[in-house]
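Labels A, B, C, D and E are assigned to the chains in the order they are written; within every chain, residues are numbered from 1.
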Amino acid sequence: MNHHHPTLNPPAAEPPSSWPMIRALAGIGILCSLLIVSTWQLTLPTITKKKNEYLEKAIYQVLPGATSKKTFKITPDGKIEQFEGEERGVQRVFAGYDDQGRLVGLAIEARGQGFQDVLKILYGFSPEKQAIIGMRVLESKETPGLGDKIEKDPDFLANFKELDVSLDENAQIRNPIVPVKHGTKANPWEIDSITGATISSKAVANILRENTLRLIPVVMKNLQAFEDGSLAGNGP
Amino acid sequence: MNTDPAHLSTNEFIKGLWRENPIFVQVLGMCPALAVTNSVINAIAMGLATTFVLIMSSMLVSSLRSFIPRQVRIASYILIIATFVTVAEYFIQAISIELHKNLGAFIALIVVNCLILGRAEAFASKNTIWPAFLDAAGMGLGFTFALICLGGVRELIGNGTLLGYMIFSENYQPWIVMILPGGGFFSLGAWLLLFNWMKSRKERLNLAAENSR
Amino acid sequence: MEATPTVRKTFAHGIHPPDFKEETRSKPIRRFPFAPVMIVPLSQHIGKPAKPVVAEGQEVERGQLIAEPDGFVSVAMHAPASGIIRKIGLAPHQSGRMVESIFLQPFPASGQQVDPGTPCEVETASPKEIITAIQHAGIVGLGGAAFPTHVKLSIPEDKRIDTLIINGVECEPYLTTDHRVMLEQTGDIFTGIRYVLKATGAKRAIIGIEANKPDAALKLRRSIPEEMPVNVELVKVKYPQGAEKMLITALLGREVPSGGLPADVHVVVINVATAAEIGRLLPRGRGIIERVITITGPAISKKGNYLIPIGTPLRYALDQAGLHEDVSEVVLGGPMMGQAVSSLDIPITKGTSGIVAFTSAETNHRPEKIYPCIHCAYCVDACPLFLNPSRLGILAKQGEYERMAAEYHLMDCFECGSCSWVCPSNIPLVQYFRIAKGIIREKKAQS
Amino acid sequence: MSLPKKTLEIRTSPHLKSPIQTDTIMRNVVYALLPVAAFAVYLFGLAALLVLLVSTLAAVLTEHFLCILNHRESTIGDWSAVITGLLLGLTLPPALPLWMVACGGIIAIALGKFMFGGLGYNSFNPALVGRAVLQASFPVAITTWYPAMTPDRFSSLPASSLTMPFMKPVWDTVTTATPLGQMKFEHIAAETDKLFFGMSGGSVGETSALIILICGAYLAARNMLNWRIPVTIFAVVAGLTAIFHGISPETYPTPQFMLFSGGLMLGAVFMATDMVASPLTTPGVIVYSAVIGVMIVVIRFWGGLPEGVMYAILFGNAVSPLIERSIQPRVYGTTSRRAKA
Amino acid sequence: MATESLTYIFINAALVNNFVLAYFLGICPFLGVSGKYETALRMGGAVTFVMLVSSMCAYGIHWLLLQLDAPYLQLISYIVVIASTVQLVEMFIKKFSPALFRALGIFLPLITTNCAILGLALFQTSKGYNFVQAIFYALGAGVGFTIALVIMAGIREELDLADTPAIVRGTAIVLMVAGILSLTFMGFAGLGG
């Protein structure tokens, strides 16, 4: 095999003088830091803007009609707080508002195990309809051409036009979301899975079920906080 | 032997494209060659990013070659390469978030692409800036070319498209395996087979020519 | 017939080739006439060739010593017939090389009388004397290996022998010499055992016989002299049951260590015909001058067991037995381990236990095409030493001889041929191994 | 004195040879596969017949042409390509477009066998390599099952069979689910006797356990199939399933169901037993089969796929050299398993 | 915070998304050091060990960079730390276990340019694993790398003795086998959930 690794052999035995080495490394270090920091400074605004646009696009997609958004987080003890930026381990909820500043719905991040790796999705919840009104896959490594149908298959995406997650008298979800075999959807809380991508579509359903069971009651209880968010007028 | 300097520099440039092609001949930098070649656009992006890093770091290494003592050269090269990779990464992110997502960690992994360190060590550290640039550009373009070859085959067969344009009819049944990891191995293997075959054919022809002489 | 319970004694693995013994097993031993010229090679045994004690033109009596042992691993030679020594010189040999031989022209009216020598009495002789007598009687292993018997019986000081095994298995297809010897020379066998027991100090003897020779077993069992510690045991019919190591395992459940000798597990094994020969020759002080040979095979019309003077040219022997015109292959010994000969001018020696001749009808039918190894594991299941012939074969093909020896115990292989016999891909495994062993021995000798 | 007229042949010992030849073995495997194929044709009609014919033809022709291309003597005479073709056909769904079947046959031989050096050197079962590539390429087509025993199965073909290359197959409206798929996704267990006699949907030949067992027994009796492999796989699968079924009968199916559903029978009897890709020694074979058995159970119970026999066997093939090298037979007269002189 | 269970993380890294066969990380040693079983096993051990150490280091650096609010230094600090870790490990082993050093010695420098190590550090950061999760991830990745390497070595030792056509010899056939292995490992998909 003609396979060359860069030679890492020790150099010839010459009495090493440390000053040139330090000088070289320090010089290169300074040069490099300068380069990196200036690039960072140069590109940061564009990157932040693009990231934001990307996220907004997703939010408006799962919350049809929304034109502005506001970010909240749900603390582990069930409180809703305003939040900006990104932080690990934070359950983010985006409130989407229409032109009049009315709450259209909430875009909620959910994640769970897919077929190959972790799936990350964003779904839109309408408090008015007590239903999921949109879903988008944010991150997936599902098998191309098969598992990735959950991002493209129109029949499958149609499940999320109005997926029932209404609460019962105990403020818990009445009918947890369930996946059913393709073509047998009979109830508004069922997800019609994809033939040939059963596993991935079921994974989506399971992630949604688990996430809605946990969060929808919390969200509904604190609905006022999200609506207030718009009144405070802190636009997008 | 042609010792004309112009010819020599062309030679520095051309050799990386074909005769010493980093992937098909030297079998270097396989990780990105396999990982991001499931579409042509990814292949081009990866190829150009690598070329950028290769050219920049080669030139810097070449210009600093008298300044860097032997003992710390590898460390210095890695520092330089890592810097340019970071730069490339931010630029790609600024150009397109989607592309950055598709290439994922493999942009950052250009740092450990043996090709770059290899060129810095084997060529740039021993030559002046201009040959170093030509060498890096040739190698980088050769690398990009190989990536496109791979990406082209994989996207065409695995998705029926090239650069996103449908090549076959709408009804083409794609061979999904080609865009899966397995397909990466198969297509690179197949390209190497092709190169082996051409090489053996050339050797045979040369032999025949020598015998008839 | 005695009720023989199901025979269980055997070794693991092995094969079941068809035995083709039917045609000769009931043919009594018949004597052969003398050939016009006999060729007695000085090297009929493993070890150093014997030293001639006769001169060209000298007249000799039948049974007279014509060559004496040259060193310890060497045995004596005796004149197979009364006649005149025509020449001492090179003659073709089974090995394919020319070897120093004594050419003897029997007198036209040479009788069957044998020159009497100095007897060696079992009661009075010491073990050492018995062993020397065996050497001077020219006795070698008659099973085919032709290893000097006295060497085998000379047990090193630090080894203790408890059991003597008499090998009456005769697992090679076609051959029935041992079978006939057991039936016809029963008394000699027991006499021989008595000598060997004394020489080795073993406390008991077991005669191991393959279950396809119940008549021989019965005869032997009935003839065991009183108070003689001898057992007759039947072993399963399976090739290579007759190999020393396999027989020891079958009868005693002991395994001879790799690279070791039977003496390491306190056993000595000698062939039944060798025992008979010892029993016949020692009390009379004679030397070995003839042996029983099965001449058989599809190319032989008068198949049978013959008592043939040593030195008889193969051509003469085959002619007597009625060789078919269409003969294509002649094998000395059994078909599994025997050797095909290129010339019929070689003489029969002490180690020749059988002659099997095939016509072209059979040899043409033998599969020729060599397929690649398909890892069917038939050979692994056949190898009596639990080697991995498949692996060894693949390595041999690549010339990895050192690895064969270092990792896969190549040197333990005794070339029984089981692997080659079963191999559905017709890979000449044994041939590969023989070559590999040769090369390794050579390398060892060089270093 | 008569002299032999021609020169004598000098061969080395042994001068006898068992009559069983490699092509004998291969031919017998083909014979043993024929009843399985015949039953498949009975179940699925013309579609199955065409699948089997096309896969076999593709395999044999590929072998022939590759040999010619490589200036070697054609090796189709050893029948091994026929086995590969038949086995591949038997693992495919009956309504698979025939051009895909042909591609599978070509890949099986070219990639799975020829690349490795041909018969005797294929590290993996070639038929399964072909099938794995097809599965990864056309995951939908290869998991679209056509029902057995349709009344018009001898007079008409499923629409998908004759799809042209490069075209999306048009699927018949009547497709069915395999018992394993039903178990995995809907927790409906099929009746064991139905599975045993093979009256359920599935691949062309993975249906009748009874016939596969009989044919396997024939080969095992002739020592052309190592019975330890299927027996160990059955034992491991049944044993593990029994344990889990005992713990939670709701979640896990019965051992019978596991044994007689899917490709387990065909795989264990005819694929895992591929002599070339399995270890030589008995202990090695047992470990190899146990690996396969465990992996079948793991994939079926906890994996994402309903069926894992193919992957399990390929994995077994992959680790077979490792098993082989760590489990060498104990040589006679030695105590160590591994020889180090 | 990632919520995956430790078993899931381990199995996912070792089998389902095997670093070599699904992520193409560490292809260079995979092609270069898979010729002999013993070497492959040692290389696998060395990589697993370095992975563990550098995974812990990467966790620390990431935390530090968060404190400093300097994410742009991530790559450069990871690579520097990995390179120095390898050096330190090498010196440490040389000093305390000469036998181990003899066994692993020649592989250690090569590991610096093994993209699997850097890849591991980057992935673990982007997945947001906590310390324990990161350790299991590193362990899984290392074991997966070793499995792939050792299986490949086993097959290649056989192939060395095989009658392979001339043009497939060398890297081409190794890649083809890797492709088949990659398909085989697809069977593990969905495990561990």
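As a working rule, contacts are C-beta pairs under 8 Å (C-beta built on N, C-alpha and C of every residue); 3 or more make two chains touch, one makes a residue touch a chain.
Keep in mind the model is a prediction, meaning the values are calculated, not measured.
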Lowest number of touching-chain links that must be crossed from chain B to chain C: 2
Highest-count interface - the chain pair sharing the most C-beta contacts: C-D
Centroid-based (C-alpha) most distant chain relative to chain C: A
Per-chain CA centroid nearest to the all-protein CA mean: D
Centre-of-Cα separation between chain D and chain C, whole angstrom: 48
Distance between the centres, which are taken as Cα means, of chain E and chain D, whole angstrom: 33
CA centroid of chain B to CA centroid of chain E, Å: 23
Cα-centroid distance, chain C relative to chain E, in whole angstrom: 61
Residue list for chain E, restricted to those that touch at least two other chains: 28, 31, 72, 76, 113, 163, 168, 170-171, 173, 176, 180, 183, 186, 189-190, 193
Sites on chain D at which at least two other chains make contact: 111, 117-118, 120-121, 133, 136, 139, 304-305
Chain B, residues touching no fewer than two other chains: 27-28, 75, 79, 82-83, 86, 90, 114, 117, 174, 176-177, 180, 182-183, 186
Touching residues on chain D, where the partner in the complex is chain E: 70, 111-112, 114-118, 120-121, 123-124, 129, 132-133, 135-136, 295, 298-299, 302-305, 308, 310-312, 314-315, 318-322, 324-325
Interfacial residue positions of chain D with respect to chain C in the complex: 1-18, 20-25, 78, 117-121, 223, 226, 275-278, 280-281, 285, 328-334, 338-341
Partner chain A, residues of chain E touching it in the complex: 1-4, 8, 12, 16-17, 28, 31-32, 72-73, 76, 109-110, 112-113, 127-128, 170-171, 189-190, 193
Touch list for chain E against partner chain C, complex: 160-161, 163
Footprint of chain B on chain A - complex, ascending: 1-8, 11-12, 14, 16, 20-21, 24-25, 27-29, 31-32, 35-36, 39-40, 42-43, 46-47, 50-51, 54, 143-146
